[in-house]
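In what follows, chain A forms one complex with chain B and a second complex with chain C.
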Partner chain A sequence: MANIEGLDHTGRSVPDVREGEDFYVSLLGAKHCNTIASATEDVRAGRGAPHPCNVLAGYLFVLFPHAKHLPLPDALKGEDGSRIAFAVSRQRFDDVVERAGDIGLSFEGPVTHPEHGPFGESIYFTDPGGNYMEICWRRDSDQARTRLAWEREAEAATA
Partner chain B sequence: MESTTVIRDRRQIEKAKEMPGASDALPKYGGHGYVPGQQSAATAATESSVAPLTIDGISGAVLDASDLAATRAFYTPIFGDHPGEWKETRSRLVFQTGDQKIEFMKRPRPRTLAHAGQHVAYRVETDRLESLTDVLEASGHPVNWWREDHPAELETTAYVSDPSGNIVQLVASGDMSLLVDHYYVPVEDIEHGELVYIKALRGELECYYGYRTEDVAAARRWHEGKDPAAPWTRNAFISFRTHEPNPTPAAQIFARFGQAYVGVTLTGQRIPEPPEEFLKATPRAILHTSQKPEEVTRYMATVKVSPVSLKYDGGHVPFRREGRNVFLRDRSGNFFQIECAG
Partner chain C sequence: METAPTKDAGFRTKRQMEKAKELPSASDALPKYGGHGYVPTAEDDEEPFVERISHLVLGVTDVDRAEHWYNDVMGMDVLGRGLMADTRPHSVMRMNSGCLLVLVEGKDIVPRRPGTNAVHHAFNMTPNQYRRLQEKIEEYKIDAWVDRAQFLAQGEYNLNFRDPDDHALEVCCDTPEASELILPNVGILDCGPASQYNVGDVKLLKDADVYLIRLKEGFLAMSRWCTHMNGRIIWNREHWRFQCPYHHATFDRRGNHTGGQPDLDALRLYSVGFGPDGHVLIDTSQVTQRACFEPDQCVQPDRALVGAGA
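This part shows the complex of A and B:
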């Protein structure tokens, strides 16, 4: 068994990494960590074009330029359900929807989920690279399987 | 504004006593004068009241030359479309045209940064470019036809090295109001470079290159020999992962100052730097401002360009004032002179 300890990072490709980073920063509040291949030593190691690393709620993702031109999807929601979803508090969800409108983001929703389920509402959209994304609020946020919840369980198990 | 009390421990206070106070005339520290314990309150108080820097344009360049006579003979036909005047002393040669001047300092070993692509671009009349390159070739100066990545440089044009090894780019133009079209520098950190040229010097970020899919695709075409891009705009170092050449576009930004611009490229070459206390060195571009020198120095003392909060480095750009000029450098050892007309 691999005994995975956690999610280390995700790589996402976009047509323009500067526009991509601006999207994550301006809409989702990501924080810039550093940019790989922005210094001579990285260039000499053949590390390719600059790829910025950003952190969002403890989640590290790296943006790369697409290796080749890829058509962007027409749909805002992956037909096969594939997407990365970020959670915000119920209070902030409306602000996020308003913010998305302010920056001219095309999104599907808000979609209201069944009341007996874990999710409250969601909006679905794509990032500049056509990667499917979701922002939601959860009805069970106090019991959510977040990284913090995992850490608490691990601490309790070893206590 | 309320004063801010900065709490420092004994070690920091002792360290501050060893370092010089705020000054723009200290060669060892280059004038950035960062003093732990004093910076925060002073900076906070002045930042909000300091007028921002406004650079009007590029008013020239200062380059090294090993042989002034050969340099004048080389550049005379290049500058032929710009009415101007040559002045020469034993150690210095200057061509003044309109509001721009090119100055050559006699040096036995000229510092050129040609290996990393540093160059000055001069405008020549469009219908004279080809005959000029014929003249240069005939006089023993090989001409390369390359293109670069600024939107105005996508077509190939002529590049030649002067007798001292400075790269010269000839830009065909119908507008002879400027001699220097643009100035191009290599840096070893493009993020810091952008902070210096856009945030500190307040250039307008006109465009960037090397961050897009099409830029990566163009690098591959260059590697296959299908694109005459200038050698400093692409590289193909061996990837540490694949152990194969990785064709890559050089990350570049273009900072506009008035009618001219400064191109900044992330180089794959190592740049030998003069000692850090050197703030007036060559090659350097001369930037022009209508502001007074004291306004510029007041601004430079407060600007910070560190991308992260560093404990012992305030992120200042080292500078020094000499009369009506302010000399500064970026962290890659590119030198600039701000000529203050106010």
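This part shows the complex of A and C:
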């Protein structure tokens, strides 16, 4: 048993928050949840700007505007400094890859991972800020446990 | 022993540093929500393109050092090495929800591209895990602060710090206190003559954290504690709304939830009565939860009593 529950949210930087939000909401199907204008000391002190929050598969993304324009990285797969990955079921993976092509997402892969590891296959792409992203299926999906209290309550209510 | 870089610790205020030392009460309660208190809705599950968060990959300069740090400080289990289709040395680490962290060794790691300082990765912990992390932060002499020092609801804890490769990390912990009913318990509050309140008035009784509102249907006494996670709401007269600065819930003058977070209950109520002298009296010993406003929740003063208090 680890001493940490899981990932909570991610703050990403994009050159244009509207374009960034469009990518997450229109293309990937995220839901806009709110725009925070004041909830950090940095914003209060004038070192930040309003940032929209979007939820993708129950996971919160906060999009911050870039301070300056940055060229996009020349690769779709990378982790320098970070890459965030979402999972789909093994059964849906091929459909999701096809749909990614249909919606015009440029991606690399699918790449097959070693059989002794937790990952099955992955595709890689970037958002408009050049942030690396991945969609995969997991060989260990049966081990992913429900850990948030609301999920437990919802499960108990439907049991 | 590793110490996280302190590059921008100079930006932090004393309050932000002090707040980082606060400890939640011991408990193994799971975090209620992820994502800064985001309340999920049924809509989230409709035709998902992707189904759930899986893992985070971080570039690191020394995979041994990073693996040790994420295991000892952050409390992650080591799953193994070389488990991903990547020829570079990498370690896969596991959290209780099944979320994974992959540390991939590279030569020149740029944790955040220039000008993208807001990029960060946040994790959630139970109160006991958070307490353990605090001990590690002390042991490793890590500079920690709270970005949202002024914006944490009751029972909500947050820490910001850097890993040995300068990746910006945040840890969130919402404790059971965030959903407990808070009672001011100051007995019966005498709010003065009913006749001094006009329809539309909103009065804050600060010491009791109660708002007294006069509507055309009568008086309502509402708790100031947000029904999301016990943030203290504020009456914003210009917008005719109560606003919660913590996660942006808004409520109207009847206490109905109007936005910010989905599907919250209306603000809680205290019972209102009137003294023989026509004064408005609020009983703070009991608070009532409600889904939404109903006109019969309001109490209309007796005309004769209002006259007596006028």
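The definition used in the following text is that the second predicted complex is superposed on the first by the 116 of 159 C-alpha atoms of A that agree within 3 Å, B and C clash if a C-alpha of one lies under 4 Å from a C-alpha of the other, contacts with A are read in each partner's own complex, and residues count from 1 in each chain.
The criterion applied here is as follows: a contact is a pair of C-beta atoms (placed from the backbone, for glycine too) under 8 Å apart; a residue touches a chain by one contact, two chains touch by 3 or more.
Fair warning: this is a prediction, and the values are worked out from it, not measured in the lab.
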item	value
Chain B versus chain C as contact partner of A:T126, first or second or both or neither	neither
First (chain B), second (chain C), both or neither touched by A:D16	first
First, second, both or neither for A:M1, with chain B first and chain C second	second
Touching partner for A:G29 - first (chain B), second (chain C), both, neither	second
Dominant contact partner of chain A by residue count, chain C or chain B	C
Contacts of A:A67 with chain B and chain C, given as first, second, both or neither	both
First (chain B), second (chain C), both or neither touched by A:N54	neither
Footprint overlap on chain A, comparing chain B with chain C	38-40, 44, 47-48, 66-68, 70
Residue ranges of chain C in contact with chain A within the complex	11, 13, 16, 29-36, 38-40, 43-44, 47-59, 74-77, 79-80, 82-85, 92, 94-100, 102, 104, 106, 108-126, 129, 132-133, 147-151, 165, 167-168, 170-172, 245-248, 260-262
Residue ranges of chain A in contact with chain B within the complex	15-18, 35, 37-40, 43-50, 65-70
Contact footprint of chain A on chain B as seen in their complex	188-191, 208, 210-217, 219, 235-242, 245-246, 248-251, 266-271
Contact footprint of chain C on chain A as seen in their complex	1-13, 28-29, 31, 33-34, 36, 38-42, 44, 47-48, 51, 53, 55-60, 62, 64, 66-68, 70, 79-89, 92, 96, 99, 111-114, 116-119, 122, 129-132, 134-136, 138, 140-141, 143-150, 152
